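Before anything else, here is the set of structures, which you'll find just below.
Paired with chain B in one complex and with chain C in the other, chain A is shared by the two complexes that follow.
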Partner chain A sequence: MRETDLVIVGAGAAGLSAASEAAKHGLSVTVLDDNLLPGGQYFRRLPTSYRHTKETVFDKERARADALYATTGQKGVTYLNDAVVWEAPEDGVLAFARGADSGRIRAKLTIIASGAHDRPAPFPGWTLPGVVTAGGLQNLLKGQRVIPGRRAVVAGNGPLVLLVGATLARAGAELREVVEAAPILKRLAGSIADLLAMPKIVRQAADYRLAIMKSGAKLRTGWTVIEARGANELEEVVLAPIDEAGKVNRSRSRTVKADLLVVGFGLMPSIEMVRLMDCKLEWKPLRGGWVPVRGANFETSRPGVLAVGDGAGIGGVEMALREGKLAGVIAAERLGKLSRDQAASLKAPIQSEIAKVETFRRGLERLYAMPPAFLDLLTPETIVCRCEDVTAGELRARQDAGFGSTAALKGTTRTTMGRCQGRNCLRTLLALIAQASGQPIDQVMMPRPRLPARLVTIGDLLQEELPPIEMPKDPHLPRGEQVS
Partner chain B sequence: MAGSVFVETPPRDAEIVVVGGGVAGMSTALFLARAGRDVVLLERGVPWGVASGANAGTLSLQVKRAEVLDLCKLSLDVWRRFGAEMDVDVGFGQPGGLRVATTDAEVAHLREYSDEQRGGGLEFEWLEGNQLRDMAPWLSTGVRAATFCSGDAYASPLLAGGSLIAAVAKAGGRIVGHAEVTGLSRENGAYRIETTKGATRAKILIITAGPWSGGLARMLGVALPIYVDVNMLSITESAPKLLDRVITHIGGILSLKQLPNGTILIGGGWQGRGRFAGMEKFADHVRLGQNLTTAVSVVPDLAKLRLVRTWAGYEAVAPDALPAFGRLPGTDDAYIAAAARGGFTFGPAQGLLMSEMILGQPPSTPIGRFDPARLLTGAHA
Partner chain C sequence: MTGFRITDGIDRGTAFQFTCDGEAVTAYPGESIAAALMAAGHRRTRVSARSQMSRGLYCGMGVCWECIMVVDGKPAVRACMTPAEPGMKVQTQHGVGPGDGA
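Showing the complex of A and B:
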């Protein structure tokens, strides 16, 4: 089994910042990441064998990105790419799948920097080819410089909408409309003081708006997507005004021809590992939903396990970079590489920056706060679970028949049981249950966490040395405890 | 809720109360309700929420001991009839099964075992070499021999649940979920049944509560020893057709099948961790590795597939692994059907036989050897 002082799950902004800082103070650090290249989602880049000449919006981040990438070659850092962490078999040990190099790693401290994924936003037509999520589009653009369409509409709620719109415009797409659900222009006055805690980002957002408007696209706030239509792929998008209570005004809906619809209704923390580790969770809707409870020093309810970055609650890249760095200091202090005083003086400036990002986040959250309107959009034919092809109609029929609980709906419809392990449907399922039962969504039972945390190839799991297999003397006889 | 297949609370009186909403209880309730009897089924949690929904769905004749072969044949026939004759889709498939042996010792064991079962009236083909490769080219060359039993089958534990629950309700049975039985007593010639959703009374009481059955019997003064295994199961992503038979292993350490949706279910009775109290159960890292190693040693292409999910499910087992089936000793009208090794397989037969017992009809197969009296360890009422 490999051994390391500090193991970090995730080589995105938070994970790499933590690794860099911890290694600087003398810890041996191992970073496990399921991507081929470091950088996570925000700092995703082209494969190294690709060449590109045209300057893109991402090149503005080159300096920060290069500094992060350099972490993987830093003294004291072992970086394992293409490594899927799939279980925590015992305290301080993680199991990972990495082809012939699969195995386990023991660490004195663990930092989970697992990042986030797109929140599922089901509406009629959302599974048509040509409809992609904001995160998915960013991956294609950053990782391959591919725009999966020509005539584009961007719809959603949150800061990613502007970023995606501007990126598409600059990348040469024919951008038709960018619509944001929250009436953010109306709310700006109430948020601007907090937002200005991060003036650079406010300027950036203004640049994005400008780039979208200069492209000739319409930019609207208080509008949302209500339907995607097309025979075999996306042909048109139906947009409609939405009020602050989340009510859609269909009478004023408009139809826009498009072959690319990018949908971004926010991100959700990837909590598979912290759930498998039995870390306590809390419901923070403005931070993406279920997040690990963290004490001082980012420690989860499981001693020795810290959580940082978007995986601990959506805070964006600026928060992730700083939380990661702070976690690196915390780890070095806990493992005796820094005295309390040394650590305190390193922590203070990072903490004051984090306080600024927090202030900014509060402004942002007020700006974009919206009730989820998706359930009103679902028709009986709308697919909720795309792995298992389960429709809203089927789920609602089961609910009406009395199969109302998470377990009963899962069991009778297979929702959440497919290849995506529920990432694309669990949130909708919980919302449907909450709606039917009148419970708040955080009171709806979550399915029991199951390993593997991510899909892993069975062959990879057999690389570990195992004790020899002993045949039971009589397989018919009981093997477990006597219960009566 | 309008249109619900469940009823919210138990009625004050019923002719028959079945306690336990798994395959044995649902089958019992189904046959009794179809016979026009007044049946109420009480389930402590979500109906079909424990062992019946969490097992591998293997319905294999050739893994069964000779003394339960007749019961097993009957049960497979009922499983088949659910879909074919009763309009209850349980995802039944009968592709036949291969029981494999990979070492000399295992080959010898397989011969001995299959001879014994042949004596019990089961028909086999003995396959090795080219014959075996022709039937199952996807098997590892490490598989030295196998027996093929055309009767081996499977059902879908998930599909069966929703369908059987709906069928019971349609037949007039009343199913009450989240009604945990907290007390059982005899009162004026009937059973008084206290639950977390109120009390009910029944002339006839049937316990089909898997691992909880012993605790319920004890409320009537009957001490039955029951053990609980925590069986691990794993499922792969959906894949093109890889294997087309139900696979079992002579050592009792593997079950494999590919379901109609392309996913492959991997089991074999490998034990997870956890305790029955509090229903804590988890997969065990090392034994999962051993389970998967065994699976890949029999079907090598499994190594290329991705694992989607591993879970652990309970299986209640009597000390001798036979069903505890029949009237509870010393009681007037209390019955039990529980604790068979392979309870999912036997559930439908137990339901049919229980209904025959209650309705005063001759049993479809002899049941004497399953009498729970054989298990008694303490005083009874």
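Showing the complex of A and C:
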């Protein structure tokens, strides 16, 4: 089994910052990344064989990105790409699939920096080819410099809407409409004081808006997508105004021809590993939903397991970079590489920067807060579970027939049981149950976390040499209750 | 209608070809199968098992498994996470892939 002082799951902004800082203070650090190249989503890297011939508007983050990528070659850092962490078999041990190199790693401390993905946003037609997430669009831009359509509409809620609109405008797409569900222009005056804690981001947002306006696209606030239409691919998008309670006004809807619809209704933390490790969770809707409970020093309810960055609650890239760095200092202190005083003086400036980002986040949350309106958009034919092709109508029929619980709906329809392991449908399923039962969504029972945390092949798992398994005498009884 | 590559500021190196459902597709070293297909205007990656619905790239980060295709005979390969290679044989995935009785 591999051994390391500190193991970090994820090589995005938070994971790489933590690795760099911890290694700087003398820890041996192993970073497990399920991507081929480091950087995570925000700092997604172009193929290493691509050459920059000049700086463009898409290269503004290059210096920060290059510094993060360099972490993988830093002294004390072992970077394992294409490594899928799928299980935490015992305290301090993680199992990962990595082809012939699949195996386990034992660490004195664990940092989960698993990042986030787009929150599923079901509406009629959302499964058509040509409908992509905001995160996906940005990844294609950053990692491939490819735009997956030509005539584009952007719809969503949150800061990514303006960013994606600007991306498409600057890339030369025929940008038609950019619609933000929250009435952010009306709310701006009430948020601007907090937002100015990060003046650079405010300036960026203004630039994004300008790029969208210059492209000739219509920018609407207080509007949303209500339907995507097309035979086998996206052909048109239906947009409608939405009031502050989230109610859609269909009588004023507009239909726009488009072959690309980018939807971005916020991000959700990737919590599969903290769930599998049985870390306590709490419901924080403004941070993306279920997040691990963290004590002082980012520690989860499992001793020795820290969680940082978007995977611990959506805070954005500026938060993730700083939380990661702070976690690196915390790890070095805990493992005796820094005295308390040394650590305190390193922590103070990072903590004051984090306080600024938090002020900014509060402004952002006030600006963009929207009640989710998706359940009103679902028709009986709308797909809820993409992997298993389960519709809203099927789920509601089961609910009417008395199959009201998460387990019953899962067991009778296979919702959440497909390849994405519920990442695209669990949130909607919980919302449907909350609606039918009148419970708040955080009271609806989550399905039990199951192995593997992410899909792995049997072939990978067979690569690992394990000690012979001690078979229980009675396979029906748990290990602790075996009679000899 | 079709997607496109941003060429300004980037030298991608020497292009090569692979096939998708028998048709030639241009790609560059390191480019994902999904990116090359998008740039070629090919957006349907699979047909779903239960309802035979067309699906394509959605999350773009390996989470949703909507862009899975049959690559050199192997089903359920994520086009967004897999670099294209010269001569690769990529096919639209029907249901769970080869042997699905389709």
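We adopt the following convention: the second predicted complex is superposed on the first by the 459 of 484 C-alpha atoms of A that agree within 3 Å, B and C clash if a C-alpha of one lies under 4 Å from a C-alpha of the other, contacts with A are read in each partner's own complex, and residues count from 1 in each chain.
Just so we're on the same page, contacts are C-beta pairs under 8 Å (C-beta built on N, C-alpha and C of every residue); 3 or more make two chains touch, one makes a residue touch a chain.
Just so it is clear, the model here is predicted, and its values are computed rather than measured.
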(request) Determine, under the contact definition given at the top, whether A:89 touches first (chain B), second (chain C), both, or neither. (result) first
(message) Once chain A of both complexes is superposed, is A:477 in touch with chain B (first), chain C (second), both, or neither?
(response) first
(request) Tell me which partner A:207 touches in the superposition: chain B (first), chain C (second), both or neither. (result) neither
(request) Considering only touches as defined above, state whether A:233 meets chain B (first), chain C (second), both or neither. (result) second
(request) Using the touch definition from the top, say if A:442 reaches chain B (first), chain C (second), both or neither. (result) neither
(request) With the two complexes superposed on chain A, say which partner A:365 touches: chain B (first), chain C (second), both, or neither. (result) neither
(message) Between chain B and chain C, whom does A:403 touch in the aligned arrangement: first, second, both, or neither?
(response) first
(message) Applying the document's definition of touch, where does A:243 land relative to chain B and chain C: first, second, both, or neither?
(response) neither
(message) A:61 in the overlay: touching chain B, chain C, both, or neither? Say first, second, both or neither.
(response) neither
(message) So chain A touches chain B in one structure and chain C in the other; where do those two contact lists coincide?
(response) 418-419, 455
(request) Give every residue of chain A touching chain C within the complex, in rising order. (result) 34-36, 41, 46-56, 58-59, 117-118, 127-133, 135-137, 139-141, 143-151, 171-172, 232-233, 259-260, 270, 383, 386-389, 418-420, 423-424, 455
(message) For a test of understanding, state which residues of chain C touch chain A in their complex under the given definition.
(response) 1-6, 8-13, 28-32, 34-35, 38-39, 43-45, 48-51, 53-66, 68, 76, 80-81, 83
(request) Within their complex, state which residues of chain A touch chain B. (result) 87, 89-90, 95, 398, 400-405, 407-408, 411-412, 414, 417-419, 421, 448, 450-452, 455-459, 461-462, 464, 466-467, 469, 471-472, 474-484
(message) Looking at the complex, which residues from chain B come into contact with chain A?
(response) 1-6, 46-49, 53, 65, 158, 161-162, 166, 177, 211, 213-215, 217-218, 223-230, 236-238, 251-253, 269, 271, 275-276, 283, 285-286, 288-290, 292-296, 302-311, 316-321, 341
